[in-house]
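Each of the next two complexes has chain A plus one more chain, namely chain B in the first and chain C in the second.
Showing the complex of A and B:
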């Protein structure tokens, strides 16, 4: 069974394997300078070495901490506001144009203002993550909650459930699959945004490691944080898939 | 009496005014010099555009953004359509896209600058990658959903594969492609701004941080307003074009959520 899974994995990523192979071959043959493009094997090995280095782990930890806090805040705000907007017509009508105006603005442009207000430390980066990650969660919650079968709500109301009970025992659970989708989009956005913020206001974190390596032209070390943050995003995404399968069993995902 | 409230464009305008009002109240309440009122910020706007250097920076940024987006349009849309019609192409391209997807695109700047130099090419390339992903994804989805009977009829009438792609697949996938365009142009803007903030030589992102460094707080916020305006105008313009080009398709789309 593992053999078959491996075979399908190889079959499904044939082009990726080919590309990595060609990249490795070009580097091994000495056709490009390792200062311009290091071999993929060298990057992987360097990442493994770095993962044993406490200094690297501290930077990784800072990045993960920011993602976790930012996502938690974005989820709380997004789900809360999304539910309120879907249950209350007035809030919904007030919110829709606001979202229309705010959603297409590149949130990263707010970062200098956030630095001015919140300083160079965690707070400004977390605020940026929240600003970027809240929209997919909010919209997913809103649409999920609007799609709830109205008969369910009517019967709950007929059975004497209050408006509040309806929201938390009927609408929220029914909207969970949609919220989950929004959350997964937000997850990757958070990984990307925190990395960019760390690159811009360089103090610590994976993004800072890239900038530090770039300043001293250590090309190999420039690829390592980039690989690390991409793998982090993929790992969190995989974790979310597993958790979703567990928690949302019975929903058609 | 409330009918004018439902006119298109009125609610977003009101939202905008409400946001400006909130901003004004907050700024006057806190009174920090690094948090100016919108009035003070808007006063610096004419000066900003009058200044040759700033105006040239903004124009150069927009030019790079459009160039990267045009490149993405030329490459990603045909590729996405081909993915939708050929399982082999889809199998080859999908793993590559899945690999690039979680990579912070603007973060590639320092590396790509090693290869392409510090000029426009590196920035346009990064914007191209960023804008390509949503275009690819939506073109793929659109082409996948094309009615097979249309393809068969075109085949029976003797249309070659390339002609089929542009005469049959593209028009029927157009509504979905246009949604990809709308997300793609915002992605191009996001990558443009963030890449300029990272590789600070020119452009709006650089202007933004230079003025923050020089404590020109009004200019910082003015630049944010300019960038927000570019995003808003691009979004509205693409929505307008989409409605014009694909008025026959009934697709309801939420305000978009581009991923950085």
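Showing the complex of A and C:
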């Protein structure tokens, strides 16, 4: 049992270890200057040092806060609108062209406008996360809800549930596996977008740390926020897996 | 009583051409009768059931239950599907509880009723299992319990045992019969098995393939409670099987 888990872990991290190993080797061999590309071990050590620094933790916290609030809003809007569009033909018809036109827009291009409207602080960055993360959730909810086996709804209707009650007691839970997939995509998008927004204009957050380090040519400190956001994504992803395992217990996945 | 009058159903196919699935079905089903609807696949027998359930609208004709035209699904008509259609996110208990809670039964009372129902279908030990953890026969037992929970006067069974192995099918047929003997609900039972139809039913309606029309209706005059081992030697039972089998074979070769 333990042997198998270990084997799976090694197999899982093999590609990563290989990449980091090669990177480390290149740096150690002196093939690149540490001022251009620091060794991964150096970045890890620097991150560990930074994690003990309250100032760094505050920056990290700001980023996490924006991701959390942005994702929560995107989920509420995406699931709500997706569900409404899938259950009501008129709403679906009205929204479809809107989604088709808005979804392909690179939302980061809206960021300057968002700053003008919402200021430099949290609001503009959260709005950007919502704008980017809402679409995968909305589309996943819509398609998941449309794919619900009609006989589930019929069974509930015969048992006395109204169409409206079916939306919440049958369609929503039946669409959860699909919604969950959308949410995981949205999670990754949120990590990328918040970082970009903080790089473009911010006085805090991981993205801001990277820009600040770059402006004073502190290469090592440039890589630390990158590593941090990568690990943050990994942790959030792990959290999502745990939540999914509980939430989707009855589904054959 | 269910009164079906001149019922027809036309589907719009993906090619845009209308397809006549059901044509002029008229039959009265007295209260408490076990009626089987027998026909080859594609004869619209399931569609007929869905229309009675109020899940699918008819194109022409009308259906009245106890004198009232049906308008959509209702707890007086409980469906059981071949695919079980259990709620995968709910446990066995949660599935059976659903209808009771929808009907406004207080929680503790509903829980007690669920325990009784699960006992009746021999699934008390599996109350906290999820449907995916059950065998096909167990799933169908849960589905039957879920429907019986809100006590519909009419059961609409759409090839309920079609996806089960022969042994489980026989077992569930017998369980269904003993449940039916107890509360004598009206049952509309769709099947393509002649043997199953004759074994279970008071009456068998044979349908033609595409478009589905009534070909013949047989009254099955066999003693109840029915015991399969005894029926196998029953002359009349054999004659029903042969007569209906011939009727089903006749003209049905081009559809399979």
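The definition used in the following text is that the second predicted complex is superposed on the first by the 241 of 253 C-alpha atoms of A that agree within 3 Å, B and C clash if a C-alpha of one lies under 4 Å from a C-alpha of the other, contacts with A are read in each partner's own complex, and residues count from 1 in each chain.
Methods note: a residue touches a chain if its C-beta (ideal position, glycine included) is under 8 Å from a C-beta of that chain, and two chains touch if they have at least 3 such contacts.
Note that this is a predicted model, so its numbers are computed, not measured.
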Next item on the list: Spot which of chain B and chain C makes contact with more residues of chain A, would you?
Entry: B
Next item on the list: Identify the partner contact of A:151: answer first if only chain B is touched, second if only chain C is, both if each is, neither if none is.
Entry: second
Note to self: Looking at A:189, would you say it contacts chain B, chain C, both, or neither? Reply first, second, both or neither.
What the structure shows: first
Note to self: If we overlay the two complexes on their shared chain A, which of chain B and chain C does A:220 touch? Say first, second, both or neither.
What the structure shows: neither
Notebook entry, point to check: Does the superposition put A:69 against chain B (first), chain C (second), both, or neither?
Noted result: neither
Next item on the list: Return first, second, both or neither, reflecting whether A:240 touches chain B, chain C, both chains, or no partner chain.
Entry: neither
Item checked: Which of chain B and chain C A:136 touches, first, second, both or neither -> first
Margin query: Tell me the contact category for A:159 with respect to chain B and chain C: first, second, both or neither.
Written below: second
Check: Considering the complex alone, what residue numbers of chain A touch chain B?
Finding: 12-16, 19, 35-37, 93, 96-113, 115-117, 132, 135-136, 139, 143, 185, 188-189, 191-193, 195-196, 199-200, 207, 210-211, 214, 219, 222-223, 226, 229-230, 233-234, 237
Item checked: Touch list for chain A against partner chain C, complex -> 149-152, 154-161, 165, 169-170, 173-174, 176, 248-252
Checklist line | chain A partner contacts - residues on chain B that touch it in the complex | finding: 11-12, 14-16, 18-19, 32, 34-35, 91-96, 99, 101-108, 110-111, 114-115, 186, 189-190, 193-194, 197-198, 205, 208-209, 212, 217, 220-221, 223-224, 227-228, 231-232, 234-235, 254-260
Next item on the list: Flag every residue of chain C that touches chain A in the complex, lowest number first.
Entry: 50, 53-55, 72-75, 77-79, 81, 83, 85, 87-91, 98-99, 102-103, 130-132, 143, 146-147, 149-150, 152
